[in-house]
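Okay, so chain A shows up in both of these, paired with chain B first and chain C after.
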Partner chain A sequence: MSTMRSALLVAKREFLAAFDAPAGYLVLAFLPALSAVLFFVTGPFFAFDTAELRGFFLSLPWLFVILTPAITMRLWAEEKRAGTEELLLTWPMRLRSLVLGKFLGAWGILAAALFATLGLPITVAYLGDLDFGPVLGGYFGALLLGGACLALGLFLSACTDNQIVAWLGGAAMLLVFNLLGGAATAEATPPWLGRVLLELDFGKHFEDLSRGVISLADVAFYLVMTAFFLALNGLVLLRRSWS
Partner chain B sequence: MKHGARSQQAQRARRSWCLALLLLLPPVLGLAAHLPGRLDLTEESLYSLSPATLETLAKLDDRLQVKLYFNRDIEGAEALLPERLVMEDLLFEIAKAGAPYVSVETVDPTTDLVAQRDAEHIGIQPIPLSGQDLGGVSVELIYQGLELRYQDRSEVIPLVIAPEFEFAFTVRLASLLRGSRPVIGIVSDEPPLPPQIPGVTSQVPPARIYEELRQTLAERYTVRDINPAKEGDLSNDLVTVLVARPWALAPEKLQALDRYLAEGGHMVVLQESEQIDVVSLQAMPGPTGMEEWLAGFGVRVESDMVFDDSAIEVPAGVRQVQTPQGMQTVPIQARYGFAPIVQDGLNPDHIVTASLAPVTLFWAHPITLEQVPSGLVAETLISSGRQSWLLPASKPLDMNVRNLESLRAEALASGEPQARPLVVALRGVFPPQFSHENLEPAPGLLTVLGDADLWHNATLRVADGANQALAMNLFDWSAQDESLIQLRSRGKKERPLPAFAADYVVAQGGWSGDPDSDRELDRAAKAHARGQERWISWGNVLVPIGIVLILALAHRRFHGRRARKPYLPYGKGGNS
Partner chain C sequence: MMSDSSTEMVVSVQGLSKTYRSGGTEVLALQPLSFEAPAGEILAFLGPNGAGKTTAIRILAGFLAADSGQAKICGFDVAVDPLEVRARLGYLPEHNPLYLDMRVEDFLRFAAKARSLAGTSLEQAIDRVVAQTGLAEVFRRRLSECSKGYRQRAGLAQALLHDPELLILDEPTNGLDPVQVVEMRRLVRELGQEKTVLLTTHILPEVEALADRVVLLRQGQKVVDGPLMDLQAPQAGLCQLAIAAQCSLVDLENAAAAAGATWLAPRAAPFALDGLHAGLVELPSAMAIPDFAQSLQAAGVLPLQLAPQGGPLESWFLQAEGQQ
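Then we have the complex of A and B:
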């Protein structure tokens, strides 16, 4: 079986398995509901009097801090705790298919959760003359940002057999990655380091995408970060399979 | 032993991979950060800087500090905050395009005392914005200014708005890069200023009717009175020349101006075929000396005057009214059709007029464009309203009600009303109309206004400063290079939400005029709007939860049924 075909099989299994337990549905309801609370109820959408979704997209990096580790926390940690990891690693498929499959399965769940937020653009388009360019850019960026967050979460899930630790670790790491470009970091670090950290900020690269500007540099950043954490994930599993 | 060696080898390989990954990440991210491709999906390409701005930024060879002074939170005026967001986004683009020289910063003078002091020091004044709240009338101070610092020079825009942001920024940056202040030359028949005597305030002669305009322009330019016929006066350092109300202009002056324009000069002409005393309203017709010259470029400023239904209201006399207290004298206000207020006639696509408030013209003449030479591009910047007619300039200009009624009757009888161009601009290589030696043709710019009175000392500051803003915009535009002249207004399209409260008021039959019932209606309208907003908000929160709940229940039911299905061996109805 080819790497991609095996990966898709694993992805399908992970995607469907997520909805065999209430957790999958919680994830599916969490994102649209909390987004709507932040955007319409507590946010200044009506006060701004402008038909745009910028506020919603700008809240996504923070929502992903909670959501994406919740999706990935069980993917490896649960296998390890239940003792099925060894069995999985002996499957007749390459390690990269396993890692990629787990990642794609998690990405599918996130995409479903993002799909569930489509009520927001539909409502805003009904209320006013919505520019769909930034909406497309925002969703595209959300998938890329989510991919990088999931890859990080997946890597941390592979490092532990405790789901809570995987979730907490993932949330903490994502929080750090979202704060790297903040003013507090810039003030506390020398300028050159501040610039480097700014470049690593997950949220900063999402800003352009959320306003409808798709820059190759931002796309490449998320792809590189995703590939990096997936590779680390693979190395952790490799170590375990050898030991 | 063999296994141990293999394990050690594998461990070494894994470590090398880890190290390689960590070492590779920074250079790969560094390379990724410099990938050039970019796609702006917004409807108006809102976040793509124009070539003129990019070219100007490319000329930077030292640090440029850009500081936007804008409130972070404005209670009661939150609708202004998207404007701030647009400007911050454009500054972000500017910082990226001007890297590593450009640094941008946004400060809020209402919360930062240092920023407040800086803002006041450089001339950025807050705009008071009054609103109603529970405690009565509240006043918010709004800061909306921009400061650019480059080397030892700085430029300040006291009030910057999103649609003009890029143009305003680029013009100021170009000015900073130029080093010295650009020079505007003024050709007019006004008397010179008396010589300055230390300690004595000199009086400006009353006939110096464009003195206020000079002072306005002097905020950003060096303004110099010039005589075109004098050698060296039309020098290369002039960025634009204003020919203000020419009167029997001498041919040698016109010849010099012709050469200046043909060689790529920029010129603004205030052309009128009569001189009107703004106090006595007496008109004196006569030749300007430029009629034929302008006609050579296809521009004809008509001698008739525009009479517009949309015009300023003036005190037009008094009338006696019988009241319970007896006869009383009541002032009469009437529209003065010779002073049109232009709003719809401002070209929305032109940077000079795109975001202007309505301007007021005085005794304006329409401009006809015909047989414009090839190589010249003409565009109309300002037109009169659609309900405007032409009346001969010989008509009495008095503001008494009888005269105004008679003028309107004549206007209505004169034919169908229509919009008429009042300000036009021509760009391109102007064919010389005199013979010149060693002429070096280059693209120039000529703006003709069929009104020489809109920037008069008495009228410059009318209409809440809109006439003054028009002057600044026009000279900022006319004083630029060819690339900047082509920079267009790319304002963010308004995308308002439904006005629930206003719709409710209309549905209830509108305001009655009675303060008590209007207050009640206002309260009900606000409650209705809040209710609508609550429905939308909580609908968006609860509907997805409901849908997901239904999906979960359906899935559980399906699963339960599948689990209850008895196991049947293969071949007897079981799964094959």
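Then we have the complex of A and C:
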């Protein structure tokens, strides 16, 4: 079977499995519910009196710290705990298909959660004159940012058979990646290190995208980070067969 | 790449070894192991827990990588052509891991698609394995709601979907009740008529009921490899014998030793009789029993019980333990 066909088979299985339990719907409800609260209740939307969604998009890197590891924590850790990885890894599918399939399944779940936030732009468009260009750019950026976050979460899920450890590890690492920009500007940080840390900041690359400005550098950053963590995921699984 | 030399053998293993790292120390799980299995043979990997049976078959199934050596299935090297190998074998892992959230039907469809089955061939394959394993009754039930017996059948069914040349079953009757054990053995015996079956077990009656050939492992090392019929021959292996006579225990022990047996332990008398004492002795083989009985009688000890314990296969098992 081709790599992509196997990957789509695994992705479909993961997507359907996520919504076979209440936890999946909880994940689906989390993003629209919390983002709406942050945007309309605690955010500056009504104070600024402008029809734009930048506040919503800027909250996404922080919401993803909680949400994306919750999506990925089960994907490998549960396979290992239940022993089903022995089944999956001995069926005639390539390792890269399995890793890609898990990622696409998780990405699909995140896309569904982002889809559920469409109530926000619809509401804002009803209240004012919303420019949909930046909104589309923002959602595009959110999918890229989310992809990198999910790949990191998948890698950590592959490292353990405990879902809680996978979630905590993923959330902690995403928090670090979101705080790197702050550390970059600290006085004690050497300038060269500051530049490196700033370039690795997940949130910093999302700032332009959240305004609907799509730059090749930001897109490439998220794609490279996604590919990097998916490769690490594959290596972890490969190494396990040698241990 | 296919190898000409090993195409006749469904399984061909040469010098396979595996070391684990556990608690900072290296544990030799599999010492260089070599064996072959021709088409249509039921080969039993026998050995106590921790003997290396599961490690060996996990390497064959492509779940673990060997440190050294070569394993070929249907002529394909498991390390070089893992996808070709996996397409030709059906594997039921130990403890039968399943996606319990799935319905039996969905699980089989998922497994079939993973094996590149589609359309009519997928439907036919599912119909075939459902009939073979008797899953029709629970076909639409979630695996989490199925009994252990049905789950075991579902595990076997996923391994049979693509009609593999080789079936690897790791402890296939583990945890089943006696009725389910009989049913599973019947299934394996039927499958063994048309496929090569490699099964692991530490249950001797299972080997006697199913296997054509036995590879006995002990601490990762092969200690016996031969047809079951040869291993079951009465002259093969040590023989444990329960004996009882109407004399003191000391006299019984001395007479047994004088008759060429090794005294193992005293036992409870098999029936109520004044002065009856019993013990367990070991003879070099079951063939020595008549001479042993005559020697006891000649020493004035009339044996009222002479009962071989376990079959010859058990003797091999015990002998292997002794060698270690």
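We take it that the second predicted complex is superposed on the first by the 236 of 243 C-alpha atoms of A that agree within 3 Å, B and C clash if a C-alpha of one lies under 4 Å from a C-alpha of the other, contacts with A are read in each partner's own complex, and residues count from 1 in each chain.
As a convention for this text, a contact is a pair of C-beta atoms (placed from the backbone, for glycine too) under 8 Å apart; a residue touches a chain by one contact, two chains touch by 3 or more.
This structure is a prediction, so every number in the text was calculated from the model and none was measured.
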Contact-wise, after the overlay, does A:D20 reach chain B, chain C, both or neither (first, second, both, neither)?
both
Looking at A:S6 after the superposition, I want to know if it touches chain B, chain C, both of them or none. Which is it: first, second, both, neither?
second
Touched partner set for A:E187, first chain B, second chain C, both or neither
neither
First (chain B), second (chain C), both or neither touched by A:L89:
second
Give the label of whichever partner, chain B or chain C, reaches more residues of chain A.
B
Of the partners chain B and chain C, which touch A:A36 in the superposed model: first, second, both, neither?
first
Just to be sure I follow: which residues of chain A are touched by chain B in one complex and then by chain C in the other one?
20, 242-243
Parts of chain B lying in touch with chain A, wherever the complex brings them together:
7, 10-11, 14, 17-18, 21, 25-26, 28-30, 32-43, 46-47, 78-79, 81-82, 85, 89, 92, 493-498, 533, 536-545, 547-549, 551-552, 555, 559
For chain A, which residues count as touching chain C in their complex?
1, 6, 9, 13, 17, 20-21, 82-94, 241-243
Contacts from chain C onto chain A in the complex sit at residues 20-21, 58, 61-65, 83, 86-87, 91, 93, 95, 97-102, 110-111, 113-116, 158
Enumerate the contact residues on chain A facing chain B in the complex.
19-20, 22, 25, 28-29, 32-33, 36-37, 39-41, 44, 46-52, 54, 116-117, 119-120, 123, 127-131, 133-134, 136-137, 196, 199-200, 207, 211-217, 220-221, 224, 228, 231-232, 235, 238-239, 242-243
